[in-house]
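The structure is given below, and queries will be raised subsequently.
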Amino acid sequence: MFATKSVADDLATAPLKGRSLWADARARFFHNRAAVTGLIVLIAVACFAIMGPFIAPWNNEDIDWNVLGNVQTGGRPSLETGHWFGTDALGRDLFARTVQGTQISLLVGIVGALISVIVGTLYGAVAGYFGGRIDNVMMRVVDVLMSIPYMFVLILLLVVFGRSLFMLFVGIGLVSWLDMARIARGQTLTLKGKAYIEAARATGVRPFTIILRHIIPNLLGVVIVYATLLVPSMIIYESFISFLGLGVQEPLTSWGALINDGAAEMTNGTLWMLTWPLLFFVITLFGFFFVGDGLRDALDPKDR
Amino acid sequence: MSFYILKRLLVAIPVLLFLIVFTFVLMYAAPGSPFASERGIPPAVLANLQAQYGLDQPFHIQIWRYLVALVTEFDFGPSFIYRDQDVNSLIAQGFPVTLTYGFWSFVVAVLVGGALGILAAVRHNTWLDYLAVGVSIGAQVLPNFVLAPILVLTFTLWLGWLPGGGWQGGQWQFVVLPVIALSTSYMASIARIARASMLEVLTSNYIRTARAKGLPARRVILRHALKPALLPVISYLGPAFVGMITGSVVIDIYFSTGGIGQFFVASALNRDYGVMMGITILLGALTILFNLLVDVLYAWIDPKIRY
Amino acid sequence: MTKFRILATTALLTQTAFAPAWAAETHPVTGEPLAADQTFEYRLLDQFPSIDPQLIEETVGGHLARQLFEGLLTQNADGTLRPGVAEEWSSEDNQTWTFKLREDARWSNGDPVTAQDFVFAWQRAADPATASEYAWYVELSQITNASAVTSGEADPSELGVRAIDDRTLEVSLARPLPYFPQMTVHYTFMPTHPPTVEAHGAAWTNPANIVSNGAYVLEDMAVNEFVRLVQNPEYWGAEDVIITEITGYVINDANQALNRFQAGEFDMMDDLPAGSYPRLEEEMPDVAHSVPRLCSYYYTVNQTETGHEALQDPRVRTALSYMINRDVITDQVLKAGQAPAYSFTHWATADFELPEIDYALWSQEERMEKAKALMEEAGYGPDNPIELDLIYNTSENHKQIATVVSQMWRPLGVTTKLSNYEWQSYLEIRGNQNFDIARSAWCGDYNEASTFLDLLTTRNANNDGKYSNEKVDQLMLDSVTMSDPQPTYAEVEKILAEDMAVLPIYHYTQNFVLDPTIRNWPTENVENNWYVRDIYRVATD
């Protein structure tokens, strides 16, 4: 599921850059046209999610009784009715629902990435810094968790404990940090030998202070790149869960749920129910991929 | 090397044990029972049902019995829902199906994806490159539960070329659409990875040297660049494999292929503890085995890696 | 030599004519030209958990059982009784029933079907050792000692059913039951072949082992993929059976199934995708059908302590019911000919006369006005809002109705939290009263109003809202021995409407698409019991 694993492996062995390179990296990033386009798209989608509720004439749960029952004609996207994106099969405004679905999907993506960044980075840094037996045990645990068919475990979790956003986060949180831990560990191993770390250790700075003050800041570049590429995985992940009908509860929705509903209506002459959410889904994933690739190229100035 | 493989296989045992206990605990904690029925079941009948499946025993006895049967007889026990069947026979029916279309999807994804990626890299910055990149990103983000109905609408309903589902023992007509639906996004990922790594290899010093020496481009690419460029692709095979197993759920639901993905979802929803456990364990074991296989393959190709 | 050859040819001809090669023939009764290919293919919504008649507990397996096995009685196309294995049946007092079995009934291995086979099957259904989830059906039929047997207190042999001789079955009931013969149509009461069950245990239903007595036998199956049945040459009525082969394909996804139906992959499917019916009816009027189906869709209201306290007040329940605009649900959401429901019993139930229920006749505006007044009287309203937990099991239709209803309740100051659960969890939550409102449906087990109304008596196990009214209990008890219970049923319905025991929403229709070359489909059977042995495929020109 994690389409980015090879990237992760790349990053685990990639040479590190000092902080002084941030400015260079920024310049390189903004020279990359695809990456900049991706960034603009992402900003636009984020604005859509944040501002949408304020400009939508309808909210996401109200049924337009005039439309219910003749969605094929009355529910078409139209400026007059205020249903800019049309309505769903029940006459609920698709614009409002897409806005709200965008919020959920982005939230899932970002929370998943955040869990991965926080847990994975700390875990990997600790394992890498202490090394030896601690490292060995900690990484074996990661190996163990990685061989669990986690999508199936997540399905079990959602079925067993009932579907909820919280459970979805737990399920995603359980697995998303594993790759990150590996990357962070690999990077920490190379950092450990650096003079300034040696110096800190010699002056008696406590290990956790070293990890937090000196190691983690230096991992940031790699971590950010990987996290950017992790967000789309999480979004795809959520859409799959929604396909199985195990996503968020009505009246809340998500891109996955909207796309799935729209796909079910594909032959009923209401194609807008599929195209709008799918459009947002696709451009956002494109955006994250481009930005992720751009960041990687920017932070790793090997000429390609 | 063989010592390494042995060690990995030994590590797999506690992993599987952990997985079994974890799943068992989850099921134990789950609300809902496989025997819940809309019409009330007489208590004596329910008690008998429970006894028949050993659910009247305390937790530790249940799991112990399960493990003993599994280890000594390789018996996954009975299905709680399909009362005319046991889990072994269900897996024996469903697994070959999943394996068949999974295998072909894998082959298609690797061959087509790899070729596309390498071609794009070799023709860097030409229309072919742009086309390959565009197509592969598009294919990667299109969810297979959207792709599957589009395929059926096109090839079954509109053109009438292929059946819209079923398996019929795996005749080729029934395999084509599932394989396309399952492999597309992995093919795209592989194409992207192969392109990126090929580009990197092509700009590396030794390839430049080889080219400077005047070796023909085809020979440089096939002889020197291909192998190192494929390394990242190989490390992606593990996750791709796991993803395909997950994706089989969508395939089974849409194409009614009768593979184990469908069994798993149905068993989770129906609380068919037996089938649920059986498939989780099977997939866990497969994942471990496949990851090991990938690592061995990686080591074999990349001489830098020593175990 | 020539003579010999002619003889041989005639023999061959007779044989082929007997084995139904209907090619280029006409239907014996109607004279319609029959298609050469007499196979029938249909879609199964789900893999059937079992086709053992005593273990079946859902419709997919039930439909197969009706092709594979034949009970004492079966049904005509309009749902009226028709002799099956039993040729005659009679009772003096509606309490002791005697069934005379036909002589030529055979199992697919050639053994005769005897009264002992029925005794075996019925005892098996009730025996707790069989652990049948449908053991309750034996109890429902009132056979003597049924409850004692299912609860393990009596030996299965004490069940009130015995074989007087090979061809005579006598059933004694604990109380008179005029509709007992109707109940024998059900799959739980179909016979099973004792030597086969005893020899193979749970695996007796495998295609290799199974012995059945219906018009078809199980040929082949793959779990979650398909099941194939072929004609049973031993069946006593085999000569009249026209369809030679039945194939069912398991297709979970309704849209996908519909696509494949439209591509011509099979002949029949029901459980159409939500909201697709109007389009199908418009595009293919001779293919899409909507016929009454004996099920009622309603919302159960939890009237126990665990539910919202307001729901114990009949005024609040009535207000909630008034606010539901049934016409919107049937005409704008479901759109497939369903009837708005104001009574619990389905309107098409045999002999049932729908009582006049006041609010059924009002306009929606009147209802809404009254609802607001009632709510206010009860002390609730927008200034004292109620929050209700509405549960439903995962399904597109249930989701849509729940969403629409929750919007309809909003003007009353009622906010609704929707929770959907998978079937098994949902049953447990509903059974334990962990809800305020629960989507529910009830399908008649036989075609008589008591199959619905019994549910709302105090001690009924399926009365999940725990509605209780002594008068209803008494009336239902009295109705059993009445020669004409229909006025009593009407009275019960009136009380239910006054108390608003449940919130009826709509009465089902069976919506399906059927290839127009398939003829004689039983569209008038409200129990949705179809027998492939009666249908046939006509030739297209």
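The first chain written gets the first letter, and so on, giving A, B and C; residue counts start at 1 in each chain.
One rule holds in what follows: a residue touches a chain if its C-beta (ideal position, glycine included) is under 8 Å from a C-beta of that chain, and two chains touch if they have at least 3 such contacts.
Please read all numbers here as calculations on a predicted model, not as lab measurements.
With centres taken as mean CA coordinates, the chain nearest to the overall protein centre is B.
Here B-C and A-C were compared by C-beta pairs in contact; the pair with more is B-C.
Chain A and chain B have centres, each the mean of its CA atoms, that are 22 Å apart. Look at where the CA atoms of chain B average out and do the same for chain C: the two points lie 39 Å apart. The distance from the centre of chain A to the centre of chain C, with each centre set as the mean of the Cα atoms, comes to 47 Å. Touching two or more other chains at once are residues 31, 149, 153, 269 of chain B. For chain C, the set of residues touching two or more other chains reads 255, 259, 422, 425. Annotation for chain A: residues 159, 162, 263, 266-267 touch two or more other chains. Those residues of chain A that touch chain B in the shared complex are 1-3, 5-6, 9-10, 140, 143-144, 146-149, 151-153, 155-157, 159-160, 162, 232, 236, 239-240, 243-244, 256, 259-260, 263, 266-267, 274, 278, 281-282, 285-286, 289, 302-304. Chain B contributes residues 31-45, 47-49, 52, 81-85, 90, 93-94, 148-149, 152-153, 156-157, 160, 163-167, 252-258, 262-263, 266, 269-271 to its touches with chain C in the complex. Those residues of chain B lying in contact with chain A across their complex are 11-12, 14-15, 18-19, 22-23, 26-27, 29-31, 137-138, 140-143, 145-146, 149-150, 153, 189, 193, 199-200, 203, 232-233, 235-236, 238-239, 242-243, 245-246, 249-250, 264-265, 268-269, 276, 279-280, 283-284, 287-288, 291.
Within the complex formed with chain C, the chain A residues making contact are 61-63, 65, 68-70, 89-90, 92, 159, 162-163, 245, 249-251, 263-269. Partner chain B is touched in their complex by these residues of chain C: 46-47, 49-52, 55, 57, 128-129, 131-137, 139, 147, 150-152, 202-203, 205-206, 222-226, 249-253, 255-256, 259-260, 262-263, 265, 422-429, 431, 461-462.
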